[in-house]
């Protein structure tokens, strides 16, 4: 039996990882303190045995090859093994009409943990309530959460500044709909004195309930609608994409779109020498390729690597009883 | 070269596993004696090295994620590795017109065993006749056999009663068409003094040839057509589903279907305190979810776990030359 | 950072393997000298640790289960692990519009090498120019190259004759279009005094540019159009298929096709006792099944096994820094 279904604070053993809400500064500090060790394991020629003898099922109900590869890499870097179940709706008994409860109970019998990706919100939690003997890790449940993405974003900022309080950041794109923006605001609201500039078209600003809820937690949110309002020398820029499809009126899109395209010129004008440039990826028309060469651009460097390292740290905490 | 293509009795080394017919009580006893050790390996944090250095190809011509995961888990629990080839008709040279003989001879060159799943009856045997150097294991060949499913069913009964003779069981559903019912009758007919009540609509009872052939082997078969005829205190119930599609006359289906839906009430009225409740899964409309809580219900517990343990035992015998 | 993007001659460390052009006789000798050791590792019950702790991504943009299985087997025989990414155009962020550059940079962060298969010529080289930290291995890029196929063909000849110069060979089929024929001619042209008879319909002979270019390198090419012109006692026959689709005039095809179907009778009349019979596979209507029993037929024996052994040798050189 799993020994906890509840909040993680301070205890990771055999725990489900469903939501960023399970984490607090103490837990995050503990988790992040392990990441450099994980990085050196990944770079080291010697194989790690932290997960040796452990088998993790990657149960992906929708394609996401980056998240899949990052988790698979994390498990194998630590000496564990995977059972890869891709598209079970198409390729399994699920297609014969099996209910979700039976599916989870079958797969948990074969492994030490299940990492689940699903297009529907709430599915990871549902799996966690079903699984009797192994932890469930949410690898993205549609419009719900993708907690390890949030953890890697937080760690990438932490890696640079060695703290997560007293920071100023810019988040560009689509605060209304972006799962990653919501998660990162939530994460930063666990710490004091953070200020976030939300750059978006008016149509895509946060809804007022979310705005108030985040603000009450203590994070300062400043909504801006043009790149000219970007503060100088922010600690980080988090640059998501604005989807044309969100606009009823395509003319409005054409008018505002340049504000949300990240160029070297914009960086020259507003970023400081330490401002780190982030993007949850995939990048599709939101960041100019010329920006990639900028040493401050971490989206194809630290963010990706940290994704694997943070997942390694998490798995080593969850699957290693001490 | 493989040193046997023949019946397994007493020798497992480098052998193909195509049919339950290869097994006799001596072989089964040997196999089952290893299962508890396999269970403790699977639960143990320490990795096993029984299959270390062994590579097994999972060649699945049709989707079956449970069987796939169970075999993959079994191999990896023992320290072996897999090469996963899913849907080769769609994703391989087979689609370029390669014949089956060449496909098998190519794959056998890369591994120590091939586990094959195929929609057509006889394919596993065909593969075994082709493969020159590695054992072939049948993971289901359409309306043919699925010997490891039969072995896990037999083991689940054996685990409870420490014997496979002198038992009384109920098998409900579709004796005419169910591959798993046929296999389990076959398996139990290897032992003495077994009585099986076959509960089914008249339309779906065994054909007379099969009935006579099983009866001649010594198992006693009693056909019943209503749940009211279920004997009290049977040793096991094996509850498969009745497919509406089998009935020409849908009214007949509506009339009889309640006899074949397993409920807590039915259990209360006819089962004994030791009667174990089994189902080969997937369950689709044949067992009420409330039954899952019953400690006698083994379909989502022992049966699934035993599936992996029995496969581990079989692989360790086949792939470990002593 | 990778320490070379250039020709391999004499140094393999952290190198991309994109084309047969990277190889010279010194490099090939070094590579081939490792193959027998790899064969004994594959046959040995003891697992190898040459790649332990190494993770290799198999990034297959088109199906090729033989090449996939051969590489996966090679990696696992050496104690390494794989991340399998099949059909990313269908099952990944690529489908969301991610550019190829980002895809490669993401995947390289999780592993120690990427083996790429792609339907478009030039893609492996493109990947090699992008990847900043891991070697790229070309597993076939459409009409481009498939260097490890060429290496296994060369090794299979070398294994028999212990040399790659002074040989006479027959290559049948489609010299105009066959990637494998081109590669093998290229490989043999690195050595002195080789003579190749190219047996094909006139419509499918080499184009004059290729003919001249190979001839200038020193290999002697003799074009023949009927099986009656096959020289006696050649060292090897390399028998590819002629596709009916290549002929505008189907009557011409019917007239010539028998010249390009390999039978036991043809072998009896023209082959010597040491002539080895090769085919890059899949075989589709170009070699009679009765030929398989001939001990000189290596296409379902040495060629396949050598494919895995040569890949093992290559990976052990590339991924083991000394």
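When the chains are written out, they are named A, B and C in that same order, and each has its own residue count from 1.
We take it that contacts are C-beta pairs under 8 Å (C-beta built on N, C-alpha and C of every residue); 3 or more make two chains touch, one makes a residue touch a chain.
On a predicted model such as this, the values are computed, not experimentally measured, just so you know.
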Query raised in the report: Mapping chain-to-chain touches, which pattern fits: line, ring, star, complete or other?
Result: complete
Report summary line: Given over half shared residue numbers means same and under half means different, the subunit A/subunit C interface is different
Query - Distance between chain centroids, defined by C-alpha means - subunit A, subunit C (Å) - result: 41
Query raised in the report: In subunit B, what residues contact two or more other chains?
Result: 84
Requested in this report: Note which residues of subunit C are touching subunit B in the complex, please.
Outcome: 44-48, 63-66, 68-70, 72-73, 76-77, 84, 86-87, 281-285, 289, 300, 304-305, 307-308
Query raised in the report: Any idea which subunit B residues touch subunit C in the complex?
Result: 52-53, 55, 57, 81, 83-85, 88, 90-99, 101-102, 105-107, 109-111, 321
